[in-house]
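Letters A, B, C and D mark the chains in the order given here, with residues in each chain numbered from 1 onward.
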Amino acid sequence: MTAFGLDPVTAVLLVPLAAAAVLALLPDFRLAARLNVAAALATLVAALSLFAGRPEPGIYILVDDLNIVFIVLSTFVGFTTSVFSASYIGHEVEIGRLTPAYLRFYHAMYQTLMFAMNLALIANNIGLMWVAIEIATLTTVLMVGIYRTHQALEAAWKYFILGSVGIALALFGTILVYMAARPVVGEGVEAMVWTVLAENARLFDPALLNLAFVFLLLGYGTKVGLAPLHAWLPDAHAEGPTPISAVLSGLLLNVALYAVLRFKILLAANPDAIAPGPLMVVLGLLSLNFAAYMLYRRRDIKRMFAYSSIEHMGIIVFAFGMGGPLANFAGLLHMTMHSLTKSAIFFSVGHIAQVKGTQRIADIGGLTETHPWLGWGLVLGVVAIAGMPPLGIFMSEFLIVSSTFAREPLLVIPLVAGLLAAVGALFLRLNAIAFGEPRGPVAAAKASYVPMFVHLALVAGAGIFLPGPLVEWFQHIARLLG
Amino acid sequence: MGAGTGRAMIDPLALLCVAALLATSVAAVVLRRSPFVSPIVYLATLAVSAGLVVYALIHLASGAAPVSHVLPLGLPWLGAHFRIDQLSAFFLLVTNLGAAGASLFALGSGRHEHAPERVLPFYPAFLAGMNIVIQADDAFTILLSWEFMSLASWALVMAHHRDRDNTRAGYIYLVMAGFGTFCLLLAFGLLAGPDGSYGFAAIRGAQQTPAVGAFVLALALVGAGSKAGLVPLHVWLPLAHPAAPSHVSALMSGVMTKVAVYCFIRIVFDLIGTPAWWAGLVVLVLGGITAALGVLYALMQHDLKRLLAYHTVENIGIIFIGLGLALAFRANEMTAGAALALTAALFHVLNHSLFKSLLFFGAGAVLTATGERDMERLGGLIHRMPVTSLTFLVGCAAISALPPLNGFASEWLTFQAILISPELPQWGLKFSIPTVGALLALSAALAAACFVKAFGITFLGRPRTRAAEVALEVDRCSLAAMAIFAGLCVLIGILPGFVIDLLAPVTASLVDNRMPAQSAVPWLSIVPIAESRSSYNGLLVFVFIAASAAIAALAIHRLASRAVRRSDPWDCGFPDPDPATQYTAGSFAQPIRRVFGTLVFRAAERVEMPPPGTLAPARFEVTVRDLIWDWLYLPIAAGVGFTADRLNTLQFLTIRRYLALVFVTLVFLLVVLALWP
Amino acid sequence: MTGTFVFDVAHLLAGSVVLVSLILLYQRRLYALLNVFALHAFFLALSVAWQAFIQAAPHLYITAAIALVFKAIIIPVVLHRMIVRLGIHREIETVVGIGPTMLFGLGLVALSTVTMLEVTVEADPLAREDLAFALSVVLLGLLVMVTRRNAVSQVVGFMSLENGLVLAATGAKGMPFVVEISVAFSVLIAFIVIGIFLFRIRERFDTVDVHELDRFRGEAL
Amino acid sequence: MALIFDLLVQGAQMALVLLAAPLLTGVVRKVKARLLRRRGPSVLQPYRDLIRLLRKEVVLAHNASWLFRLTPYLVFAATWVAAALVPTFAMGLHFSWSADLIAITALIASARFFLALAGMDVGTSFGGIGSSREVMIASLAEPAMIMITFTLALIAGSTQLSNIAAFMLSPDAGLSVSLGLALVALIIVAIAENARVPVDNPATHLELTMVHEAMVLEYSGRHLAMIEFAASLKLVVYLSLIACIFVPWGLAGAEAGMSALTIGVAAYVAKLGVGAVLLALFETAIAKMRVFRAPEFLGGAFMLGLLASLLLFVARSQ
């Protein structure tokens, strides 16, 4: 039933690792691309098989209702992105932006990243989780700089420095959690096992937990891209290869968010600790509004959608901060929908940038005329990301806004203001990109539209009809998150 | 939920029709290469809407009990609820009547569409969206379909996207639509309460506090009003409606605005119980202002379609006056008055959807024939396009509220409703209602003036351009659509009693009272309250006018000379061969601009008279500004731009400064922790 | 030996690390800064070793060794070389004057102590004090990174921050992965240093590349 | 039997207004002439003019459309119907319920609508000027008329002219400020609607100073006859309106006999005569105002009407 006949968890971790090793040595990049896809598919299958039977939580490995969603989502997007990347790099090699040597590195790194993220999600040990996220960060740093252009190197450098500080803060938080746990759980690895922590969290010292949460929120929040810790995110998205932008927005942000959620649960379990909600609500609203206004002055198409990712991360964090079954459900839904939509957008943007030979919005125009598939794909994606029906994000935004208004009417003002500002900005740019007189080269695109439209179809379907099991699943997790 | 009763008596015809529409739009994408795609799509929509018209008529006439369905869509734990009661049935009728007409018109005019692939897929989707809004019975479904409707119409506005004005119009439209949707969303959020009971059944059941009711009403007024085009939320409307293909403009102006009215009625009359009297006052005054301003703006236009769009604003104002009166009466338990006012409003909804669609069809026909929307470049079309001009004339007369046409009947009812309002106890109402009545009268008169201008400049006089000179009458389908609607305008105008009786169950379900049955009244005249008070008989007036005109004509042709000699018009000794010497739209509106202009839109006239002897032409410029745009929207835009610029500097900091941001945040949080109680 | 003595020594060593962090803030010249940092690392090594001794956790000695060899010796030397090679001029450009920085640093120390005081006592006092010190070292490290313009001094800031982490980790009795973590961080630091060297970062973190190219600020114009 | 009688009365009314209209115009002209120390044409001159016009051929502009030829009859018919529905000598008109005061106002409005269109049909600037100014005046006169209607309806509790007249006859119609305001407003409106001095001058022959005459400048022959006829009918309508609302004395009741009817007719003719004389006096006493003063003049009427109905709304409170 599983990928290589070994148990799913090992497969989810080992397949990418092995693939990385092989790909690092494989000279032919076309074959490598195919292998990359195959490996990603295998990982996806393994992840899916986790639904069938999941292992008992060990001190290092945990598969529970919460992270299985993340795992499946990330492996799925990882797979579709690998398909997209296969058609993407072909063009990059043609125009000589990447050489086969670099591609070997690229593919190896891609699988390493997959491994790191799966590890971070699957880890039951907060130390291990930290290590995994650090690996993921470093690999993405290397990928962002892969074009070796001045801009790319600086983006990577910025990402690296800010990321390292984030890592340091997160580690300090982790240590603090251990300190809080030790008197209750006792010394040793036990005190870093999440399941154990969750059981005893109510006995922990609240002050230490608070302190820990502050550091973890800032540390992992840097990865989530919450303002004002976001600085690395736009440039990293804009300068790296587009598949990596897709993975960053679609997955890495989620992984970091997942870490934050884990610790939120921990904190929520302790009656005397501060409520984590308000902190997250404030950060979320800050990111939302900040990003919404930043969208207006963007000249680079990829950077614009990077900011839109910040905006949506803000919404999600806000939702989880609000808490309660409805808001949590909405948050989970929004996170899923955003991963799918945003990666779809980056798929189309990647090809657009390739056919137009630029990422400057000013040089792109009238796409629906010249490249109907790309153009309408982008339109659909932006419509979805702007929270318009009948696509999935509309449902989550509907739930978030209405439930918030019923509970905290005042919070709705900044929320709606931000959302509206974002819609305004997105469509202002979309008008220029997708409509009006065509600008830039009109050569037909050699692109694979399958991943983009698969994602969009999923999002559109989810907007109208959510399968019952999935809903119960999410509702269960929502209760879990409290 | 309320599905239990609904499941028992399922007849999902309306839903099936919606499904058919959606299927059509998919088919339009699939068949986009086929040469017959356009007729296929429009025939399908025509058939479906016609079916829905029949369905709605039957549902209304039979006074059937509400029909409700639940589909496992939308919010998973709630499902998508649909319910067709009398109100929905009436609006289904209005919507699909307009839709059928538009489809028939497009069946012909669609041939001239140069970007069909940008129209055909969205047109059925647009229809479907409107139909779902009217049937929806839970907050999520109605908002989803509402926004879907906006989105589809946005796509249609963007159909001719190479024109910068259109993309701009589409942009403004979409942002305004988003704003409106958020307002409605908040309204429903408030109604649904914290545990999110979004079903209308549950909302009806829940008792809302007055405060909540007030908030919801305000939000609904802004949300639905922004779609309907209430001043000051109207700015997008005259931009977006003309930008779309004509049959879509007809739908947006004639029908979509009515869907907004439906949403308002559904929330205010059905969901939030009985709001306080001042709610009526607010709606009333807004309606009055909207009516007057709308027609004044319209008078200043010389783009035919934009002029019509502004008139939509005016008529929405008239409708909201009726609704406001109904609210005021209802708040004082004067249900008879409420029924009268509500009937007047709904009647006008139907009428406006008819003649506004008709007029947009006419404008579309002119556009097809001449490629011109600017009246200053038209003229004399009555000779080239007789049928179009006749139907357009009927439309003009109807929208100008001239007896015996339908526009007059509904405005007459509104006046009657105003006339029984002195019984209302509140002083605020006492002072405002006559004033609003005056505004209503003023806007009716100005509307007549405006349509003299519209018809006179466009169809009469001498052609001002070559295009107008060589224009040819449009195809049969378009003509048929226009003729049918013109016929309906006349028919409803002379037999208003039937419509009023058709509306009785609607008002009965909303304000627990109905107007006296009109079919009982002898000679088919209508009597809102009592014979002794007031009555009107469109049929007789029509017959009298026809008879006396016939008598006069006959007598004269018997007795007087029949000789006719054609010659040049009287030129007062100064022959003017050039059609440019005719009165233009601008000069026609000048007296009225002089009267109201400086006050309402800072109209400024600038004359450049070159000194005698020089050959330079004299120049005359008029600038008319939409003050609401200047004073409300430009500042907002400026504010957003300012914020964006200020924040944008954050994109350009050094790494050290970014680190500083992180550091400051950390220290701040630590301080918060340290000071935490 | 008695518990109090154990405490006092641990206390003394940890405290001296904080002290050295404050001294770091005070430096005006790069060479001096490097020397002081070496001292910082040295004290860290001592305190880690002491922890290893009192916790009877031999693996901590590795951490101590790393701290001593890698941070106290190799890195400073390498950076010293680099300064010469890249011809970075020796002044430390400060954003705010030394005085205010020092005051702010003291404020940070106070802040971290206050936040730690809220911790209830049954988390054993040693850990508590250690944490207070570690936290202040971390904050001071960040402060150095934020208030110093030169790349090298920022690296030093980051390393001192990381020393604080190690201090905390070792202070946390029986915490697993301490060694791994310290190794991981050493790798991280190595990366940064290599990066500086690769990209010939003379003055600012932000100016990558061989030639002083015009500053790239995200938006390609 | 009663029905036939009613129909007869109705028919008599229609015939009466038709006959009276030119005469009224003649009388006004005669009196004006007299006041100006001219002998003036005989009071029967309007009849002669009509007949002469009917005999003449019609001179149509080349691009005159069917609308141009249809309009005279429509205008005539609409005005005639309006005239037929105003109680002149008897209240119990059989069809009076088929249109109330609002409808009558609207009927006259529709007549003007078509006339204004016809003015633009030929495409000369004169017609344009005429129509544009006509609609400008009307756009203020009509709301004023509606406000007057409100006032009357609020006083009499009905918009039916017969009922209003009946109420006015009845003892409980006291004198009220609103009524006075309404009267003044109605007179102003009547002057404006009938293109009389000071708003417009029916006798001038400078195209540029005219409103109504400029609009119908292109008409000739039988068409012009119809329009002239309609114009004089309109004058009758307004005079009868004022008469039956403000001086309803002498109006025959609903089921009145022959005698009452004859009295009614006599009274009506007398009222018309007085009205004509007053109108002539007023016109000779005052000078025509500039076109752009007209809005203020009519705005005054509008405000008066609004004030009148506001007073009533407020008065109704107790």
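Assorted remarks:
We take it that a contact is a pair of C-beta atoms (placed from the backbone, for glycine too) under 8 Å apart; a residue touches a chain by one contact, two chains touch by 3 or more.
Quick caveat: nothing in here was measured; it's all calculated off a predicted structure.
Path length between subunit C and subunit D in the chain contact graph, taken as the least number of steps between touching chains: 2.
Comparing mean CA positions across the assembly, the chain most remote from subunit D is C.
For this structure, the chains sharing the highest number of C-beta contacts are B-D. A straight line joining the Cα centres of subunit B and subunit C is 69 Å long. Distance between subunit A and subunit C, defined via averaged C-alpha coordinates, is recorded as 32 Å.
Computed centre separation for the pair subunit B/subunit D is 35 angstrom, with centres defined by C-alpha atoms.
Here the spacing of subunit A and subunit D, counted between their Cα centres, is 78 Å. Across the assembly, subunit B contributes residues 651, 655, 659, 662, 666, 670, 673 that each touch 2 or more other chains.
Residue positions 157-158, 161, 165, 207, 211, 234 of subunit A each touch two or more of the other chains. The set of subunit D residues that touch two or more partner chains is empty. Pairs of chains meeting the touch criterion are A-B, A-C, B-C, B-D. Across the complex, subunit A is touched by residues 72-77, 118, 139-140, 143-145, 147-148, 151, 158, 161-162, 164, 167-168, 170-171, 174-175, 178-179, 182, 185-186, 188-190, 192-196, 198, 640-641, 643-645, 647-648, 650-651, 653, 655, 658-659, 661-662, 664-666, 669-670, 673, 676 of subunit B.
Taken together, the subunit C residues at the contact with subunit A in this complex read 115-116, 118-120, 122-124, 127, 131, 134-135, 138, 142, 145, 158, 161-162, 164-165, 168-169, 172-177, 180-181, 184-185, 188, 191-192, 195, 199, 205-206, 208-209, 213, 216, 218-221. Note for the complex: subunit B touches subunit D at residues 379-380, 382-383, 386, 393, 397, 400-403, 408, 412, 415-416, 418-419, 421-423, 425, 427, 430-431, 433-435, 437-438, 441-442, 444-446, 448-449, 451-453, 455-457, 460-462, 523, 525, 531-537, 540-541, 544-549, 552-553, 556, 559-561, 563-572, 576, 579, 581-583, 587-592, 594-595. Interface residues of subunit B, counted against subunit C in their complex, comprise 651-652, 654-656, 659-660, 662-663, 666-667, 670-671, 673-674. Note for the complex: subunit A touches subunit B at residues 157-158, 161-162, 165-166, 169, 207, 210-211, 214-215, 217-218, 222, 228-229, 231-232, 234, 274, 279, 290, 293-294, 296-297, 326, 366, 368, 383, 386, 388-390, 394-395, 398-399, 401-407, 412, 416, 419-421, 423-425, 427-428, 431, 435-437, 463-466, 468, 471, 475.
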